[in-house]
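Shared between the two complexes below is chain A, which has chain B as its partner in the first and chain C in the second.
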Partner chain A sequence: MKRLFAAVLLILALAFPYYFKDYWLYVGIISLYYAMLASSWSMLAGQAGLISFAHVAFAGIGAYTSGFFVIHAQFPLPLAMVFGAIASAIIGFAIGALTLRMRGPYLALTTLAFSEILRIFITAEYQLTQGSIGLQVPLIFGGNKIYSYYTGLFLFILCTAVLKLVLQSRVGLFLIAMREDEDGAATRGVNTVGYRLLAFVVTSAVAGLAGGYYAHVVGLVSPQMIRLGEMGLILAMSVFGGVESLLGAALGAVALQALTEYLRIFAEWRLAIFGALVLFTLKFAPQGILPRLFIDVEIFMKRWLDKPER
Partner chain B sequence: MIYLSQLANALVIGTLYALMSLGLSLIFGVLKLVNFAHGEFLMVGGYLYFLLCALKLPLWLSLVLSIPLLFLVGFIVERGFLRSPYQKKMARYDEYVILVTFALGIFLQNLALPIFGPYNRQAQPLFQGSVRLGELVIGADRLTGAIIAFFVIGGLLFFLYRTYYGKGLRAVAQSPAAASIVGIKVLRMRAVAFGLGITLAGIAGALLGPVFLVNPEMGTSFAVKAFVIVVLGGMGSIKGSIIGAYILAIVESFGSILLLDPSRALAYKDAYGLLLLVIVLLLRPQGLFGEKERRA
Partner chain C sequence: MILDINRVTKNFGGLKALSDVSVSFARGEFAGLVGPNGSGKTTLLNCISGLYSPDTGSIQLKSKSITGLAPHRIYRLGLGRTFQISKVFNRLNVIDNLRIPALTEGKLNRQEIRKRSLEILKQIKLDNLTHSTAENLSGGQRKLLELGMVLMTDPQILLLDEPFGGVHPELKSELEDYLCQLNRNGKTIILVSHEMPSVFKICQRLVVLDHGILLTEGSPESVRADERVINAYLGGSYET
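Here is the complex of A and B:
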C-alpha cells in the first residue's frame, strides 16, 4: 500500500508543471528545497536520534560554496552544486567528529551555537559575502521554471533514494539500535563512531545539495537562510509529516509550504499557526500526522476486511 | 576609567543575566531538560510588564502582578506538554522535550509578532535618570533592575536552601526516585520548578525591558546567553550559573572594547559567547561546577 501511495505521488509530482504555471510552479520549486531538507533532517533526528539545529547552516554552506565556485571560478552550475554538497559533507564530518561524545541537549546546543556563529560570520564579513544584502548568483537554465522544477524533483528523488538505501541496509538498523541505546549497540559490536559520522556526513551532503539548488533557482543567497526561524520551519515540517519517515517529512514540507500560500491572508499569523500545529502534533500524534493516518487506515481496512469472516 | 565603567556595567548586567539563567538551570536540574523556549518566556515577561504598565497600573504593582501570571503560564505548559510523557515513561523522552520546547519557542515568538508588531517597545523604568558615584555614571533604570534582581536571587536562594519546599526541589534534582520514597511529590515539584524557572526568566525580561528594548525577537539572543551561562557554570548548578553570568557579562563588555574595528566588534559581540559555549562543551562538558553526567 505504501508503494502504491509513493507511485501515485510520483505521478502527481511529474504532472505538476502541466497543471500549475508561474507562481504555483515557483511554490513547487521552493517546496522541493524544503522537502529535501526536511527528509534529510528526519533521518538525522528521527532515525539516528541526533537532534541537530545546524541543518539550515549546512544548506547555507552548500549555497555559498556553490555560489562562490560559479562566480569566482566560473564552474558550470551542476559541478558547483556538487562541490557545495562536498563542502557541506566535510563540515558535517567535522561537526560530527567534534560532537561524538555529546548526546541529547548537549548536541542540540552545540549545533545551535555553530549555526548562529556561522550566521553572524556571514553577516559580518561583508567583503566576502555581501553581508545581509545577499550574494547574487546565476540562475540554473536561465531561470526556466519548468526545467528548474524537474531538476529539483530529480535531486529530491536521488537524495531520498540514497537516504532510503542507507536506512534499508544494515546501517539503518545500526542507527536505530544506536538511537535506542548507544552503549548497548556498541557492546553488540556496532561501530557507533563510524555510523554516527556517516549519518552526519550523508545528511549534511543532502542539505548542502539542497542549499546549492535553492541558490541557483532563487538567484540570491543571504544569511536569512540560516536563521533559527528557518530551522524551526524545517523542524515543524518534519514533525508534522512524521519525524521517523523520510517521505512523511517531505510531504510535511510540501503541506506546510502549500498551507503558507493558502494562509497568505493571515500572513503574520501563519508561523504561530505552524507552531501550534507542531505542538498539537507532538502531543496527540508524536509519530506525525501521515504515519498516524496510515496506521488508522490500516486498522480500519483490517476491521472492514475481517468483518465478513465473523 | 573606561575599564572601571565597563566593569560596573558588567556587574549590573551580570546580575540580570544571573536571574534569567537561574531559571534555566533550575528547570534543567529538576526536570532534566533544556528549555529551548527560555528566551521566549523572557520576552513574554517583557511584554507582560509593558502591557500592565500600559493599563496605567503603578509600576511596582505591574512588576509584582506579572509574577503569579508568569508562574501560571509555566505551570500550564508543564501540565499540557511535559507531564504526561514523563509519567508514561515515553520512549525517547529527551528528544521529545527538545522538539516540544523548541516548537513552543517558535510559537510564542510568532504569536508576539502579529499581536505586538515587529517594532521595538520600551516599557517605563521604575526610576529614570542616572546615578553618579564619583566619576562613575550608571543609568538608574539598569541599576534598579540589578538591585531588584539581586533581591529576587537572594529570595530564591533562601527558598531553595532554607525552606522545606526548596529542599524538596533540590532533592528531586538529585534523585527523583529517592525523593519519592521519602514522600516528596515528584510530579508537583517538577511543575513548581518549571513554573518558577519561567517566572525567573519573565522577571528578568520585565527588568531588562526598560533597559534594552522589547521586541518579538529579543528572546533568541538572551536565550543563547542563558545557554552559554548555564553550560559554562555547569548544567543544573545554582552557584555555577551565578558565577557564569558574571563571567559572560565581563567577557562581553571587555571583548567589545578590545577589538579595534568598532562595527565588526559590535557584529561579533554575540559570537564571543557562542564560541565560549562550544569550547566549554568540547573541553569540559560538565562546566565549571557541574557534576559529570552519570550514564546508566
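Here is the complex of A and C:
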C-alpha cells in the first residue's frame, strides 16, 4: 500500500506544474526545499534519535558555499551545489566529532549555539556575505519555474532514495538500536559515535544540497534562512508529517508550506498555529499524520475484508 | 588468565563504588560475582565492558589492556555481556535483535546469520517468537533474548548480570544447565546473581564484593562458611 501511495504521489508531483502556475508553482518549489530538510531531519531525529537544531544552519552553509563558488569561481550551478553539500558535510563532521560523544540535551544545545553563532557571523561579515541584505546569486535555468521545480523534485527523490538506502542497510538497523538503547547497542559491537557521526554527516550533506537548491531558485541567500524560527518550522513539519517517516516528514513540509500561504494574514501568529498543530499531532497521532493515516486505512481495509457477506 | 582486574577504583562524586579491586579470572572458569545490593558488582561489569572508565587501575583481557577502551571494541575482543535490566531493542523483532551483534562482527553472511539466529532461538526456547517485537516479550523472555544476542557472535567470555531474573522456574533450571554446557564448551562465564541456590550450584568459584571492596574469593563452600560474608551479605547462616 505504501508503494502504491508513493507512486500516486509521484504522479501528482510530476503533474503539479501542469495544473499550478506562477505563484503556486513557486510555493511548490519552496515546498521541495522544506521537504528535503524535513525528511533528512526526520532521519536524524526519528531514526537516529539525534535532536539537532543546526539543520537550517547546514542548509545555510550549502547555500552560501554554492553561491560563493558560482560568484567568485564561476562554477556551473550543479557543481557549485554539490560543493555546497560537501561543505555542509565537512562542517557537519567537525561539529559532530565535537558534540556526538555527548548525550541527552547537550547535542541540542551545542547545535543551537552553533546555528546562532553562524547566523551572527554571516550577518556581521558584510564584506563577504552582504550581511542581512543577503547575497544575490544566479538563478538556476535563468529562473524558469518549471525547470526549477523539476530540478527540486529530482533532488528530493535523489536525497530521499539515498536516505532510504542508508536506513534499509545495516546502518539503519544500528541507528534504531542506538535510539532504543545506546549502551545495549555499544556492548553488542555498534560503534555508536561512528554511526551517529555518519548519520549527522549524511543528513548535513542533504541539508547543504537543499540549501544550494534554495539559493539558486530564490536568487538570494540571507541569514533569514538560519533563523531559529525556520528550524522550528522544520521541526513542526517533521512532527506533523511523521518524524519516523521520510515521506511523512516531506508531506508534512508540503502541507505546512501550503498552509503558510493560507495563513499569511495572521503574520507571525501562524507560528503559534503551527505550534498548536504540533501539540495536537503529538496528542492524537504521535507517530505523525501520515503513519496514523496508514494505520487507520489498514484497520479499515482489514475490517472491510473480514466483514462477513450478508 | 583471560581477565585481569588490577586495583580498579571507581568513584561517583563522593560515593566509592569500587575501591582498589583486584581479581583475575581463568580461561574456562565459571565464576560468580556476588555481594549485597550496592556492593559494586554491576559497576565492576560496567568497567570491564567499557561503559565506565575506571578512575584508577587497569583491566586486561587476554593480556591486552582494555582500560578505557570503547564498549564496541571490547565486545569485538570477545567479551559479551547481559544487563540486570535487559537491554534489548524494543521496537525491533526478535530476529533483528539477534542480527545486530552478528552484523557488527561482520563474519557471517545473511543466510548464515539467519541460520545461527534460528539455532540460538531454539536453544533459548524462543523459536516460536521469531517475529514478535521485543517490547511484547515478558521480562524472562527478554532476559533470554539478551543472552541469545550475546551468543550470536560466540564470545569467549560472558558477563551475565542477573540472567535468571524473571525467568520461569522451570526454564531457570534448563538455563542453568545451558550455562554449564556453554562453560563445558570452553566459555568463561562471570555470573552476577542474587539467586544464591543457582550460584552455589553452578559456579566453581565465588568473588564477593561489599561496599566496593573485594571481601573474599574462593570455592562456594569456603565462601559460604566465611564469617565476613555471612555478616556482610547474608546477615546470618544460609541454608540451601
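Heads up, the rule we're going with is that the second predicted complex is superposed on the first by the 304 of 310 C-alpha atoms of A that agree within 3 Å, B and C clash if a C-alpha of one lies under 4 Å from a C-alpha of the other, contacts with A are read in each partner's own complex, and residues count from 1 in each chain.
We take it that a residue touches a chain if its C-beta (ideal position, glycine included) is under 8 Å from a C-beta of that chain, and two chains touch if they have at least 3 such contacts.
It should be emphasised that the depicted structure is a prediction, and the values quoted were computed from it without experimental measurement.
S.K.: Label the relationship between chain B and chain C on chain A in the superposed model as either fit or clash.
M.R.: After superposition on chain A, which the two structures share, chain B sits beside chain C with no clash.
S.K.: Using the superposition on chain A described above, determine whether A:235 touches chain B (first), chain C (second), both, or neither.
M.R.: Only chain B; A:235 stays clear of chain C.
S.K.: Touching A:176 in the superposition: chain B (first), chain C (second), both, neither?
M.R.: second
S.K.: Could you look at A:189 and tell me whether it touches chain B, chain C, both or neither (first, second, both, neither)?
M.R.: Only chain C is touched by A:189; chain B is not.
S.K.: If you tally the residues of chain A touched by each partner, is the higher count for chain B or for chain C?
M.R.: Looking at chain B versus chain C, the one contacting more residues of chain A is B.
S.K.: Considering only touches as defined above, state whether A:72 meets chain B (first), chain C (second), both or neither.
M.R.: Touch status of A:72: no partner.
S.K.: Is A:3 touching the first partner chain B, the second partner chain C, both, or neither of them?
M.R.: In the superposed model, A:3 contacts neither chain B nor chain C.
S.K.: Answer with first, second, both or neither: which of chain B and chain C does A:264 touch in the superposed model?
M.R.: neither
S.K.: For the overlay built on chain A, what is the smallest gap between any CA atom of chain B and any CA atom of chain C, in Å?
M.R.: 7
S.K.: Could you give the residue numbers on chain A that contact chain B in one complex and chain C in the other?
M.R.: 180, 183
S.K.: Can you list the chain A residues touching chain C in their complex?
M.R.: Chain A residues touching chain C: 170, 173-174, 176-177, 180-181, 183-193.
S.K.: What part of chain A is in contact with chain B in the complex they form?
M.R.: Checking each residue of chain A against chain B gives 45, 49, 51, 53, 98, 101-106, 108-110, 112-114, 116-117, 120-121, 123-124, 179-180, 183, 228-229, 232, 235-236, 239, 243, 268-269, 271-272, 274-276, 278-279, 282-283, 286.
S.K.: Contact residues on chain B for chain A in the complex?
M.R.: 33-34, 36, 80-81, 90-92, 94-96, 98-100, 102-111, 113-114, 220, 224, 227, 231, 264, 267-268, 270-271, 274-275, 277-278, 281-282, 285, 295
S.K.: Write out the stretch or stretches of chain C touching chain A in their complex.
M.R.: Within the complex, chain C contacts chain A at residues 49-51, 70-72, 75-76, 80-81, 83, 87-92, 96, 99-101, 103-105, 149-150, 153.
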